[in-house]
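As written, the chain order gives the labels A, B, C and D, with residue 1 at the start of each chain.
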Amino acid sequence: MEFVNSRKDDLPDLRVNIGSLKIANPVMTASGTFGYAREFENLMNLHRLGAVIVKGISLYPRAGNPPPRIVETACGMLNSIGLQNVGVDRFISEKMAYLAELNIPVIVNILGDSLAEYQEITTRLCGVPGVAGIEVNISCPNVKKGGVAFGTDPSMAAAVTEAVKERADVPVMVKLSPNVSDIALVARAVEDSGADSISLINTLIGMAVDLKTRRPVLANVIGGLSGPAIKPVALRMVYQVASVVSIPVIGIGGIETAEDALEFMLAGATAIQIGTASFVNPRASEEVVEGIGNYVISEKLPSVRDIIGQLSVDLQ
Amino acid sequence: MSQYQEKATVIRTEQFSEKNYRLTLDSPDIARSAKAGQFVMIRAGFGKDPLLRRPFSIHQTSTNGQIQIYFKIVGRGTDMLARIKAGDDLSVFGPLGKGFVIHENFPALIVGGGLGIAPMLFLAKSICRLKGDCGNDQIILGGREKVEVEPLVKDFKEFGIKMLLATDDGSYGHHGLVTDILSSLELHNRCTVYTCGPEPMMARVYEICKVRNVACQVSVESVMACGMGACLGCSRPTSKGTYAHVCLNGPVFKAEELVWNS
Amino acid sequence: MEFVNSRKDDLPDLRVNIGSLKIANPVMTASGTFGYAREFENLMNLHRLGAVIVKGISLYPRAGNPPPRIVETACGMLNSIGLQNVGVDRFISEKMAYLAELNIPVIVNILGDSLAEYQEITTRLCGVPGVAGIEVNISCPNVKKGGVAFGTDPSMAAAVTEAVKERADVPVMVKLSPNVSDIALVARAVEDSGADSISLINTLIGMAVDLKTRRPVLANVIGGLSGPAIKPVALRMVYQVASVVSIPVIGIGGIETAEDALEFMLAGATAIQIGTASFVNPRASEEVVEGIGNYVISEKLPSVRDIIGQLSVDLQ
Amino acid sequence: MSQYQEKATVIRTEQFSEKNYRLTLDSPDIARSAKAGQFVMIRAGFGKDPLLRRPFSIHQTSTNGQIQIYFKIVGRGTDMLARIKAGDDLSVFGPLGKGFVIHENFPALIVGGGLGIAPMLFLAKSICRLKGDCGNDQIILGGREKVEVEPLVKDFKEFGIKMLLATDDGSYGHHGLVTDILSSLELHNRCTVYTCGPEPMMARVYEICKVRNVACQVSVESVMACGMGACLGCSRPTSKGTYAHVCLNGPVFKAEELVWNS
């Protein structure tokens, strides 16, 4: 890393590098929880964000699942949005202009149901102004493999990574699914296939039942669990993955406050993403940036980078 | 369109029945900018549970910076809200969504059932204020029993707008449904019917409007996580075969835009 | 099933069969959360329970992990008790007499770090008065396989099941770990190896970090996540497993109330276990029995068995 | 040994400093059966978060069925408890654990520091009640500053027991530590020292007792999930190389039973 110390002395140094992607601070918004950023423009200062990750984009528009799509659970929520999005072409033509003008790094979350689809989206994103990186959502079902999620099998995860890397002209972040027996195995496979960074965790698969109607609450039966409830699982997986890969790790899962974010950084995350918390408090991401800054100042750290992976672990 | 996250102090709590409550909140930014039919997202409780905010229609606003919500205890969030005391603070986020479209030159007919009465006070006030004179407008309010209607009538009466009342059990006003009353009325062919209430009631109101060929605006509900277009959780099928988002495209829709199961 | 309708007419019929094990109602206490039952004797009527499952027993006594062993998380808790227990011999000599006298089915949760250990514990439990069943905790690390948990690999799960079944003189319930990519696969392997029933879920692996000390909160670094936070994951897995096996499934995870329990039964559970909830409310299990009874009465069900697996699912 | 889960009504709340509070609860079963040194588990908040009960020493009991807890805001649970108002209900579970062992015929010396003062009022009361005359007993109370000690002294004084006070900043009583005072005292060779407070303080008290060869009982803390022996979460290393469980084998131990890092 090369950080020229050009900052004003009273401002904390929050810069981090996600491989070749340099961001002003480690706080990103998680895909699917921040719309296309514009939704938040009246509610917070978007320029304070390290990066924006937009709602997952597929090759063709998707209508998403029938309602109900969300249900609250204990300290969390289940969603089965069904990856509703406008498709990559309309995303580029309708959404990117605004995002590019924000002048903050925009990372496009992509999804597909075949390697070819992942590749084609990546190709279309090449050269689009404002796109600073691609985040690959590998929690999607692989249609060819009978709907098993790409992310649950190390070799399929590797194949998606390779396919996207082959075409991408920006850094590629691969977003892991937590619904696996051995997250370190998937992480290593993804790293070996050329991923520039790894983000985790996506949602845990869950379900809610309505006793009165005797039906699943979600029309889609199952959904993805997010929010504070999953934070312990996310922290554990970030710690495990950061211990076995040498590319940057981005922590996600139940982060609401700067304290939460710093815990993930101690466990090895170079940056973090704010998801569900933005629903509860639209200013959550900005407040986390402020809180991390205050911590760096009060702890007199040269930079926020000095806490990454600094967890002291002595197993007895 | 501006939205605000306010720490609103509770000014007054009113309990109308075992389950029905009204809160008055000091929320100047929202009071100033809200339009009838819009809603707010309120955080109930202190801990991380319940996690998500709860949506409530703005019942009315006042020029001194207050807003009211009128709600019923149906679950944990509303149960916690009912325990709030004057002087406590609540985190309120709004105003959100699209409100009612008011047509200055033609009569309005408001039909509110049960908790669907909540947004109608703000609407009635707005219509009367805009028109100056609301002599041609009417309101039909209904509920299961007297306590669901009677405590609210006084506030509506302030504008001299004509009121028709009904209860399912006959304990107050007409013995029967608001839709019975609606069916029995002559409707100006350019009037707009505004309705909010249980789904079957709104479906029936829309049916009547369709037959009479008059405009119908509905305020619908949906589970919501964010209330502001970020989660895409509040989808509702439209008559075009797509999904609308209640928090962004609604909660007020032209009835014909939506799919009705009746 | 053969249920002679000998009950008094005003009492709800709550009996269920876990294979050949007949219990008076579907409520059991989860292993490790109810001590050896005696701890609760002043606080509730133990005779109301469908069955008691005791703290996991190993071949030799285990001291457990150093403190801190527990930490609260959002709507849940992490524990790393480290399987502290008195060992099978002292369990039989010191604890079983009391349990046998309770006259409710006692299911002994067993654990080991090798197949031989599982087998030896099972052998020692043969013929012990009061033991009505064995629950096999397969979330333990397999020392021979470098510490990979038996439960994360279908073939190892199958091997443990077979080993225990070979020796057991009572029905064998196998308790699955949720930390796997495909729970249905493990469940089928366990069924094929002769398990009489399947219970799930054990805890999710999680971690908590203390920002002030920059250390993991738990001395053991990682721990098991339990409580309401995990209920959506548990419900989903119970639903998935109940759809693919034909032996009874016992639901566990975040159950606090009769409503929670009934949701699991709708999703396919024949019985359920109360874990963490007993810490918050020592009478939780008894209250769940009462609540299920009230439901059966108010819904005018012939028996509680009439709701098992009655979830209406129509995927659009 | 009986334990009770009671819905206890809050009778009185007292705030002694920004963070220190005392609650009086109507909890007749627990009040009747509690012994000095025992504790209760209290549920803070309404939702599922915070999930677990929080342990608090019984500060004192009264013959009219009330108990008190004295606590400090250190996190979310205690923060919620501090917001409780008289008339609210709390779920209280206890009395739990083993209390202090009182020796009728020999002098007692009580050493409480900070929040460790909490169980000592009950202990002092019990000792005086048992002995009739507590002229040979002494109490040393200390805290960081005046507000941590002074508000509690009045209740202790009721028994005529001899009190020695200290604060770290000298704002009240002796300027220094309770252990300074302890070191300076002559101790009857069959007296028992009872102590509760921060770990380093208790370690030091035990050291002094060891040197003087007098008995020392300590009341220690631990994170707890169940408070009654079911979870095995509250382990603490013993001098025998095993683990004791604070909720069951404690919270009061003979100091020599435990491992002290000093």
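Just so it is clear, a residue touches a chain if its C-beta (ideal position, glycine included) is under 8 Å from a C-beta of that chain, and two chains touch if they have at least 3 such contacts.
Not measured: the values here are computed from a predicted model.
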Comparison of A-D and A-B (more C-beta pairs in contact): A-B
Label of the chain whose CA centroid is most distant from the centroid of subunit A: D
Length of the line joining the C-alpha centres of subunit C and subunit D, rounded to whole Å: 37
Length of the line joining the C-alpha centres of subunit A and subunit D, rounded to whole Å: 47
Touching two or more other chains - residues of subunit B: 48-50
Sequence positions of subunit C contacting 2 or more other chains: 66, 74-76, 227-228
Graph class of chain-chain contacts, one of line, ring, star, complete, other: complete
Subunit B - residues contacting subunit A, complex: 1-3, 5, 43, 48-53, 91, 93, 222-226, 228-237, 242-243
Touch list for subunit C against partner subunit D, complex: 32-35, 39-40, 42-43, 55, 63-72, 74-77, 79, 81, 84, 227-228, 256, 276, 278-283
Contacting residues of subunit A [partner subunit C, same complex]: 66, 73-76, 78, 152-153, 179-182, 204-209, 211, 213-216, 219-222, 225, 227-233, 235-236, 239, 254, 259, 262-264, 266-267, 307, 310-313, 315-316
Residue ranges of subunit C in contact with subunit B within the complex: 74-75
In the complex, subunit D residues that touch subunit A: 48-49
